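The structure's right below; bear with me while I get my questions together.
Every chain is named by a letter (A, B and C) in the order it is written, and numbering of its residues begins at 1.
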Amino acid sequence: MAHTIREIAAAIGAEAAGDLDLTVARAAEPKMAAADALALAMDPKYAGGLAEGQAVAALLWAGADWQGLGLKAAIFAPRGRLAMAGLSVLFDAGPEIAAGVHVLSVVHPDAVIGAGASVGPFVTIGRGVRIGARARIASHVSVAEGAVIGEDALILQGVRIGARVTIGDRFIAQPGAVVGSDGFSFVTPEKSGVEEIRETLGERGEIRAQSWSRIHSLGGVTIGDDVELGANVCIDRGTIRDTVIGSGTKLDNLVHVGHNVQIGRDCLLCGQVGVAGSARIGDRVVLAGQCGVNDNIFVGDDVIAGGATKIFTNAPAGRVLLGYPAVKMETHVEIQKALRRLPRLAVRVGELEKTVTERLPDAG
Amino acid sequence: MAHTIREIAAAIGAEAAGDLDLTVARAAEPKMAAADALALAMDPKYAGGLAEGQAVAALLWAGADWQGLGLKAAIFAPRGRLAMAGLSVLFDAGPEIAAGVHVLSVVHPDAVIGAGASVGPFVTIGRGVRIGARARIASHVSVAEGAVIGEDALILQGVRIGARVTIGDRFIAQPGAVVGSDGFSFVTPEKSGVEEIRETLGERGEIRAQSWSRIHSLGGVTIGDDVELGANVCIDRGTIRDTVIGSGTKLDNLVHVGHNVQIGRDCLLCGQVGVAGSARIGDRVVLAGQCGVNDNIFVGDDVIAGGATKIFTNAPAGRVLLGYPAVKMETHVEIQKALRRLPRLAVRVGELEKTVTERLPDAG
Amino acid sequence: MAHTIREIAAAIGAEAAGDLDLTVARAAEPKMAAADALALAMDPKYAGGLAEGQAVAALLWAGADWQGLGLKAAIFAPRGRLAMAGLSVLFDAGPEIAAGVHVLSVVHPDAVIGAGASVGPFVTIGRGVRIGARARIASHVSVAEGAVIGEDALILQGVRIGARVTIGDRFIAQPGAVVGSDGFSFVTPEKSGVEEIRETLGERGEIRAQSWSRIHSLGGVTIGDDVELGANVCIDRGTIRDTVIGSGTKLDNLVHVGHNVQIGRDCLLCGQVGVAGSARIGDRVVLAGQCGVNDNIFVGDDVIAGGATKIFTNAPAGRVLLGYPAVKMETHVEIQKALRRLPRLAVRVGELEKTVTERLPDAG
């Protein structure tokens, strides 16, 4: 995986200087960099690390004095993390999955697997499945009957793709992700306690025994292009129509998406986010780790929610949210400040009451 | 999977009208319904959608004017979601698992698999396992030594059933669920910091280095009848006696149940709920998504907790809870209202102090 | 697995009395104990249970009158749970994994598997993998190319070990744990909304469409000795350097550890804890269930956080935390008390204002 400085600069669309034919075999942090590494020093604060490490080539901030830093070659990254993205593609060897379909896999004769695909051992592919060209499917994956997956998929170990799932191109799924589990949808013969308190906001009448009848998920899951799912993610099928994940959206590890949920394009759902059934989420929404979205609500385009925000009600487009329950981030900050002063405030009110009572003795 | 209107009405115990011999092949939302579909319009608000779709038969609200809606046949559902439950059973083809035991499975010769069971590829079934009649076990499942599973189980891809697990009839497990992992139980030679602050509510003495000795889980897991587990659920074994999940209880995706936990009958634990070790939960308890239950506490029968409620202390039967920490839902609503006014309240107190100080100049 | 009282006392380093040659086959709770069981009654409150059960030997509190309790033999445990740890090792038969490498596994010819290791069916072990002596690897596990695992590992069903993962001795992984998934790291060409609000604490300028470029994870995961991972845990690889888990640290079910995270030694992360990318956690930190740690922050040595604490900012060593956002536990308790009185406080302020306005009529 060695590349010249010239190749790297071209691949990431950046300027370079010095010995452009110099070859590097890996990327590294400046002070841990070996002589064959490209040191990543996209901010002046890493300049010191360059001296500690062995690298003679580096990815530097725009305008850096590469010669003064003792380097033989440099690439300049006006936006460091963006350069990292391009660079990381170059140096990622990807998982080793042998070409072709492993003999210890069970592929239904009706299934269609695209040209150039690799399928590892202990994989099952069901009746009528269609998988696009150049798919890489690691060991222990199951793809159930009728599922359709686009081109250039990378599906890692133990991923479960259920029946009635349709996925676009360039899909990535980390180990253990589940797409197409049944929705969590149950109903009682009589009105349940949950239905009752939703109407009364907490008041309950007579409590009766109740057991749950299962509503089977007849719908599926539709996933757009360029979607990535983290490890052990769970996405349920819809009840009648499909659960939908829009193109460009990324889900981190252990995210839960309930039945009928609609998520727009280019969203980020970070680790352990949960989206309850039938919620709708717009485009470019970012939910930080451990956020929760209530069932049947709508979260508008471009909403950003901070860590562990619990969204109980509709959120308008562009809103920045924080807290349990979610409020505008600025409101949350203001409330938290007031909260820390609350015990003192209570004391002050007590003192005022004492003063007023003493000084205005017939008050009240 | 085509059914006549007569068959469907009989199966869900509902009245029907019109051409009862009309056949439908699927269920669909009114405006997306093809001509061979039964449109689901259990509320007058969906009446408009019927005109947009192609369906000539529908599941309607009680008393609907089906002829006025242009239909040839109708079924009337006094409780729509309950009708959906029955209907969804009829139209769910279920997963395709070939009859018999797949040749690429590893079944211990001592294991007993009931009549009519289907076992998919890459399944392992250990010594002494007993699985009831008509079980459907999808690919990649492991059932460890001595586990007992009742009749009519549906165990989906990659589910892990550990040793010392006993499960009743009609069990359903979504992909990746784990039953019978070891409990998270560790002890330090000396009193640990955690033990100390539980006694002092936060005060700590001298902090010492400490490492953890493992308490192995010698108990198992006992699960009743009609239990369903969502994708990637985790249920730990008990330390000495079993962790218990009562009949009729349903767990959604990514729920965590710690060692020794006792959960009653007909409960619903929604997505990402966590129940810490040795907690006890009564019957018919409903915990919304992301709720947490502290270790060693008791949650009474019929408790309902809203999204992300964190229950730190015992909850009496019938209580409706919300918040972190959990309080009565009505208290939570009241506190939240007051909180939003808190910054303004602080200003008002400041103004009062100013007034009192100025007007009662020798106050305080 | 029968042991004499003498053997058990010696194994756990405790005093014993009575018939030391008496043999017990299992451990049990006092009132459920059969005649061949060692009853666990490490606290006087369990004395009554002894009379209900059949046991003639028991693990008792220090100084207990074992003869008065009708026993033939007793072991005395000055620290009951510590004795349980030792005892549980003796009585845990461990999972049944046949010696040698199962014929239905796929082991790369370059991989080195230590002496005395057991590898179950449907396991894949990649190129260049090294696994230490006496490893026990259950069915359906995958170990990707180049991973290194120390001696005496116990890796349960369906665990995923990715490429570039290095693990020490005595590693335990419960079913479904994933080590070495790719980090959740994406960047937009222009400054993203998330970057903007981190600077402004909530204020946003013009909202633009943006899509995400993937930063591949070139780093790996380094795990020390004596680490245990719960079921369905997820640990991401680092971007450039490794994600690190220190020796002696234990992670419970469904814990999420993001890319580049550094966790110290002897920590406990309980069920469903989430640690966002690049956070650093010291030694002996205990995070109760559902805690969250923000990205890029530092949690000092010996910090203890109560259930569902959300840590947004650096936490100094030894701090005891609770709440969302995390505050000192004593501050949280004080704020919660004040909060419950807040609606009443608001009423009192209103009354004060009325009094002051009426009695000091030209006030304000």
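As a working rule, contacts are C-beta pairs under 8 Å (C-beta built on N, C-alpha and C of every residue); 3 or more make two chains touch, one makes a residue touch a chain.
None of these values were measured; they are calculated from a predicted model.
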Self-contact between copies chain A and chain B, residue sets same or different by half: different
Degree value of the rotation bringing chain B onto chain C, based on Cα positions, nearest 5: 120
Rounded Å distance, chain A centre to chain B centre (Cα mean): 23
Multi-partner residues of chain A (at least 2 other chains): 104, 122, 140, 158, 176, 232, 254, 272, 290, 324, 339, 342, 345, 349, 352, 356, 360
Parts of chain A lying in touch with chain C, wherever the complex brings them together: 26-29, 32, 40, 79, 81-82, 84-86, 88-89, 91-92, 95-96, 102, 104, 120-122, 138-140, 156-158, 172, 174-176, 226, 228, 230-232, 248, 250, 252-254, 265-266, 268, 270-272, 283-284, 286, 288-290, 301-302, 304, 307-308, 318, 320, 322-324, 328-330, 333, 336, 339-340, 342-343, 345-346, 349, 352-353, 356, 360, 363-364
Chain A partner contacts - residues on chain C that touch it in the complex: 104, 106, 122, 124, 126-127, 140, 142, 144-145, 158, 160, 162-163, 176, 178, 181-182, 184, 186-189, 192-194, 197, 201-204, 207, 209-218, 232, 234, 236, 239-241, 254, 256, 258, 272, 274, 276, 290, 292, 294, 310, 312, 324-325, 327, 331, 334-335, 337-339, 341-342, 345, 348-349, 351-352, 355-356, 359-360
